[in-house]
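Each structure below appears as C-alpha cells.
Look for chain A in each of the two complexes below; its partner is chain B in the first and chain C in the second.
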Partner chain A sequence: MKDIENRLKQEAKRLLESGEAEVVLAYGRGYDEKHPMPYAAKAVSDVDNIVFDEYCTFNMTRYLTEYPLGTKIAIAVKSCDSRTLIVLMQEEKVKREDIVILGIPYRDMIDSKTGKAIDNSTACNLPNPVLYDILLGDEVTERDDGSPYDVLKELEEMELDVRWEFWSKEFSKCIRCYACRKACPMCYCDPCFIDQSQPRWADKSPSLESNLMFHLTRFYHLAGRCIDCGECSRACPVDIPLHLFHKKVSKECEEMFDQVSGMSLDDKQVMVDFKMEDSDEILL
Partner chain B sequence: MLKKIGLEKLNEFVSALIEKGTLFAPVKGDAGVDFQEIKNAGDVTLDFYNTLQSPKCVFFPQTDDMVRYRLKKETTDIEEISLDFEPRIAFGIRPCDVKSFEIMDKLFTRGGIVDPYWESRRKNTTIMGYAFDAVDPADFYGAFGIHAADTTGSDVFMVKGEKNLLLKAITEKGEKLLSSVDTLEDALEEDRKYFEERLKKGAELETRTLSLEGVAGKLRDMFGSPYWEKVAAPCLNCGVCTFVCPTCHCFDIQDETLFGEGTRRKIWDSCMFTDFTLEASGHNPRTQKSQRLRQRVNHKFSYYVTNFEVTSCVGCGRCTRSCPVNIDILTVVEEAVESV
Partner chain C sequence: MEFEPKILGIACNWCTYTGADLAGTTRVQYPHNVRVARVMCSSRVNPAFIFRAFQLGSDGVLIGGCEPGDCHYSTGNYYARRRLAITKKILEFAGLEPERFRVEWISASDGIKFAEVVKEFTEEIRALGPQTKFKVKKDIET
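So, the complex of A and B:
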C-alpha cells in the first residue's frame, strides 16, 4: 500500500512538473489516520500531501465534472472508479485525451464509518481498474467472490408486500440531505430535478411519498449508468442501502441488454441505444 | 436532590416520565441512536456515545406545520395549527447539546423577533442532561468551556453508574419533576460520592480544543482569501453537516398542496444547498462551493459572534463524524486562522 502511495506521488509530481496535468485528483490527509480526504494537487509542492491507504474509498471521478472541459487532469482510480470514467467519457462529460488515468490495483478497501471491508455486496470490488494509462503496482490476482448480485438474493426472494415493507421502511428514514446524489459521480445535473421549484417535482419535506419520488426518479436516471461504486450508500448518514436498488436495476439492465455498464469505451449505453434484438420485457 | 434508579428498572422510570408529558429520548436505529418521541418505554436506550442527529428536533423538527388550508374557488379555508404543546421532557441530552439550546434561544427568541414554534416548546420542556463517560476523537466541546459532565443548562442531570442511573435536580423545574416520580429512590451517601466523582472526572476529560480568541475577526478579514477554494475542494455540498448540527437553524417555508388541500410548513434548509440562495429573478449570489463552505464556517464562528456574542457551535463533532468526505470544521477553522 505504501508502494502505491509512493508511485502515486511520483507520477503526480512528474505530471504536474511536465505540465501533462494541471491537477491531480487523489487522496489527502484528514483529521486523523482513519479519515483521509479527497485531494486535488495543483502544484508540485502539493504532492507531499497525497496519501493512499485502505480508507481512501472516495470515487474521485465525482469531481471531474467540476472542471471545465479541456482541463488536463490526472486522476487516481480504483476498479469501480475507472468504470465511472468510461461512463463519463461515453457521455462526453470528459474527453479521453484530457485525462491521465492512474490505476490503483487494490480491492477490499475499508469503510471508515463501519470499519468493515468493502466487498462485492456493497460495491463492484473488481480487483483491477478496467481502464488506465499507468498502473501503480502489480495487477491484483482474480479471486472467486461470486457475483456482485448475490447480495440481492434475499430481496428477490421476498414476497412483494414484504419487499414493499422493506423499502418503505428504508425510504421513510431519508432526511433528504442529498449526500447520496452529491457523492455520486453520475449525478452531475445542474439543476437536479429535485432542486427545481417550477415545477416542484416532489415536496421538500421528507415523507415516504416525496422520498420515493426523489429516489425512484434518481434510480431511473442511473439505470444503465451506475457502475456500483457504492458511494451513495456510504455517504448516507442514515444507512439506507441504496446500492441494493442500484444493483437490482443494473442486474435487470444486464439481463435485458447483455451489457455491463462502464466496461468498454466502445459500448453505447443501454438507455440511449436501440437494437432490433433488444428485450421487449422493458415494455411490459 | 439526588435520586437513583436501578438500570434494570429504567423501563418503569421511562413509563412514569411518559405520564408527565411528551417524552423525547434516545432510540436505537439502523445507523445509530437518535431522539424520538417515545410511545414504548422499552425503546429508550442509554447505551450510546452521542446521537447521530442532534436533539434540536425536540424544539425545531425537520418539518413543522404552521397552517393547513383548503383552496376553494374564490376563497381559502385556513386553520392555524395550535401551539399549545403539552409539557415536554427531553431525556438523555449530552452537555454540549444542552448548551446548543441556549445558543439557539438567542436567535429564536432574543433577536428582536420571537419564533413561537421554538419558544412555546422550549419553555415547557424539562431538560434531563446526561454525562458523557468517554471522548470521541471528533469532539471539541472543550473549546467552548463545556465539559463531559457539565450540568449547566440542564434541569435534571443524569450520571450512569454500573448498576444505577443517578439523577440530580439542578433547577426548580427539575426538582418538581423528580419529586413527582415515585419509582425513584433517594440516593445514598455512596451514590452522592460517586456522582460528585463523575462530575469531577468529567471536567478532567479532554477533548480536542481551539483558541477562539480573535477567530471571528480573522475570519471576517479573510473573506476573499483563496483559502476557501482550497479547503472546500473536497466538499460535496450535501446537507449532512448542517442537518445533524444542533445549532444550525435555517429553514424554508413551503406550501405543500395536493388536490387543493395543503399545509404551509417550516422545513430545514441548508446553506450548503445550491438553491438556498437562489433568488426569484434566477440570480444566485452563491454559486461556488467555496462560498457555501465559507458561509457555514463564518456564520458559526464569525457572524453569529458579531450578532449574539457567542459561537454557533458546541463542538459536538457530529458534522465531522457524518461528513462523507471527512471535512472537519475544527481543522478548517484552525487552518483558516493560521493562514492569515
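So, the complex of A and C:
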C-alpha cells in the first residue's frame, strides 16, 4: 500500500518534471484518513499531497473529459478504471497518446460508507488494470471469486411483481441529486437528456415515475459501456443499488452480443455495432 | 366500463406504415386500439420514447420495422434490433410485464400480417389489464 503510494509520487514527480504530463490525476487527503479526495497535481510541489490507501475508491477517469482534448494527462487507475479508459478511447473522448496510464495493481478497496471491502458483488473487481503504461507494483494474482453476476441471482429469480415492488421502493427514494450521473465517467453528455426542456422527458421534481424515466434511460445509455466500477451506488446518498441494474444490463449485453465492455481497444461497442446473424429471438 | 387498451404503435415509413396503409385500402379489419406514429426508420426509435409512452399511460407499445435485410437504409433495423432487445430486458428487469412491449418486422406488402399482429397484441394487452406501474399517478398539467 505504502509502496504503491511512493511509486505513485515518484512517477508523478518524474512526469511533471519532464513535462510528459501537464497534470497528474490521483488521490489527495480529505477531511480524515477514511475519506480521501480526488486530486489533480499540476506542479512538482503538489506531488507531496498525493496519497493512496484502500479508501481511494474513486474512478478518476471521471475528470478526464473535463480537460480539453490534447491535454497531456497522467492518471492513476485501478482495474475497473482502466476499462473506463478503454471505453473513453473507443468513443474518442480521450486519445491514447495523450494519456500516461499509471496502473495500480490492487483490489479489495474499502467503501468508506459501509466499511466493507469492495468485491465483485458491487464492482467488477478484476485484479489488475487491463491497460497501463506503468504498473506501480507487482501484478496481483488471480483468485476465483465466481462471476460478478452471481449477485443478480436473487433478483432474477423473483416474481415480476415482487421485483417491481423492490425497484419501485428503491426508485421512490431517489431525490434526483444526480450524484450517480456526476460520479459516472461515462455520463459526460452536455446537456443530459433529463436537463432538456424541449422535449421535456420527465418532471424535474422527484416522483417514482419521473425517477424511473431518468434511471431506466440512463441504464439504457450505459448499455455496452458500463464497466461496472460501482461508483454510482457508492455516490448515491440514499443507497439505491444502481450497480445491480447496470450489472444486469451488462450481463444481457454479454449474453446477447458476446462482448465484454472495455476489455480491448480494438472492440467496437455493442450498441453502435450489429451482426446480421443477431437472432430475432433476443426480441422475445 | 370495459377496459379498452391504449397501444402506441411506432411504424417505419417504408415497411410497416405502408403495410398498415395496405391493410386500410384492402379493407382488412383490425382493432382501433393502436395509435400509429410514423418514423422514417425503426432505428429512429429512441428507447426513451418507449419509457415515456408507458409513463403517459400506454398499456402496450408495438414497434414495427422492415424485415432484416429489407431496410430502406440498408442497416437501420439491425441497429434497432439490438437497441430494442436491451430495452425489453430493462423493462422486464424493472418489473414491467415484457409482453407489453413488442417488436414486429412487417413488410410493405403484408397488410394482413399487420392486422393480425394488432389483433393478437390487443387481445394480449386486454388480458393483462391496464398498465399502472409506470403511469404517472397525478394529473399532468396541460
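By definition in this document, the second predicted complex is superposed on the first by the 279 of 284 C-alpha atoms of A that agree within 3 Å, B and C clash if a C-alpha of one lies under 4 Å from a C-alpha of the other, contacts with A are read in each partner's own complex, and residues count from 1 in each chain.
The rule is simple: a residue touches a chain if its C-beta (ideal position, glycine included) is under 8 Å from a C-beta of that chain, and two chains touch if they have at least 3 such contacts.
Note that the coordinates shown come from a computational prediction; the quantities given were computed from them, not determined experimentally.
Student: Go through the superposed model and pick first if A:D138 touches only chain B, second if only chain C, both, or neither.
Tutor: neither
Student: Applying the document's definition of touch, where does A:L216 land relative to chain B and chain C: first, second, both, or neither?
Tutor: second
Student: Pick one for A:E165: touches chain B only (first), chain C only (second), both, or neither.
Tutor: second
Student: After the superposition on A, what does A:D266 contact: first (chain B), second (chain C), both or neither?
Tutor: Touch partners of A:D266: none, neither chain B nor chain C.
Student: Which of the two partners, first being chain B and second being chain C, lies in contact with A:E97: first, second, both, or neither?
Tutor: Neither: A:E97 stays clear of chain B and chain C.
Student: Touching chain B and also chain C: which chain A residues?
Tutor: Touching chain B and chain C on chain A: residues 207.
Student: If you look only at chain B, which of its residues touch chain A in the complex?
Tutor: 29-31, 52-53, 62-63, 137-138, 233-234, 236-240, 243-244, 252, 254, 256, 265, 267, 270, 273-275, 278, 320, 322, 324-328, 330-331
Student: What part of chain A is in contact with chain B in the complex they form?
Tutor: Answer in residue numbers: 28, 30-32, 35-40, 58, 62-63, 112, 173, 175-179, 181-183, 190-191, 195, 197, 203-207, 231, 234-239.
Student: If we count contacts the way the header does, which residues on chain C are in touch with chain A in the complex?
Tutor: Touching chain A: residues 47-48, 51-52, 55, 68-69, 75, 78-79, 81-97, 103, 105, 133-138 of chain C.
Student: Using the touch definition from the top, list the residues of chain A that touch chain C in their complex.
Tutor: Residue list for chain A touching chain C: 155, 160-161, 163-168, 193, 201-202, 207-210, 212-213, 216-217, 219-220, 223-224, 245, 248-249, 252-253, 256-257, 270-276, 278, 280, 282-283.
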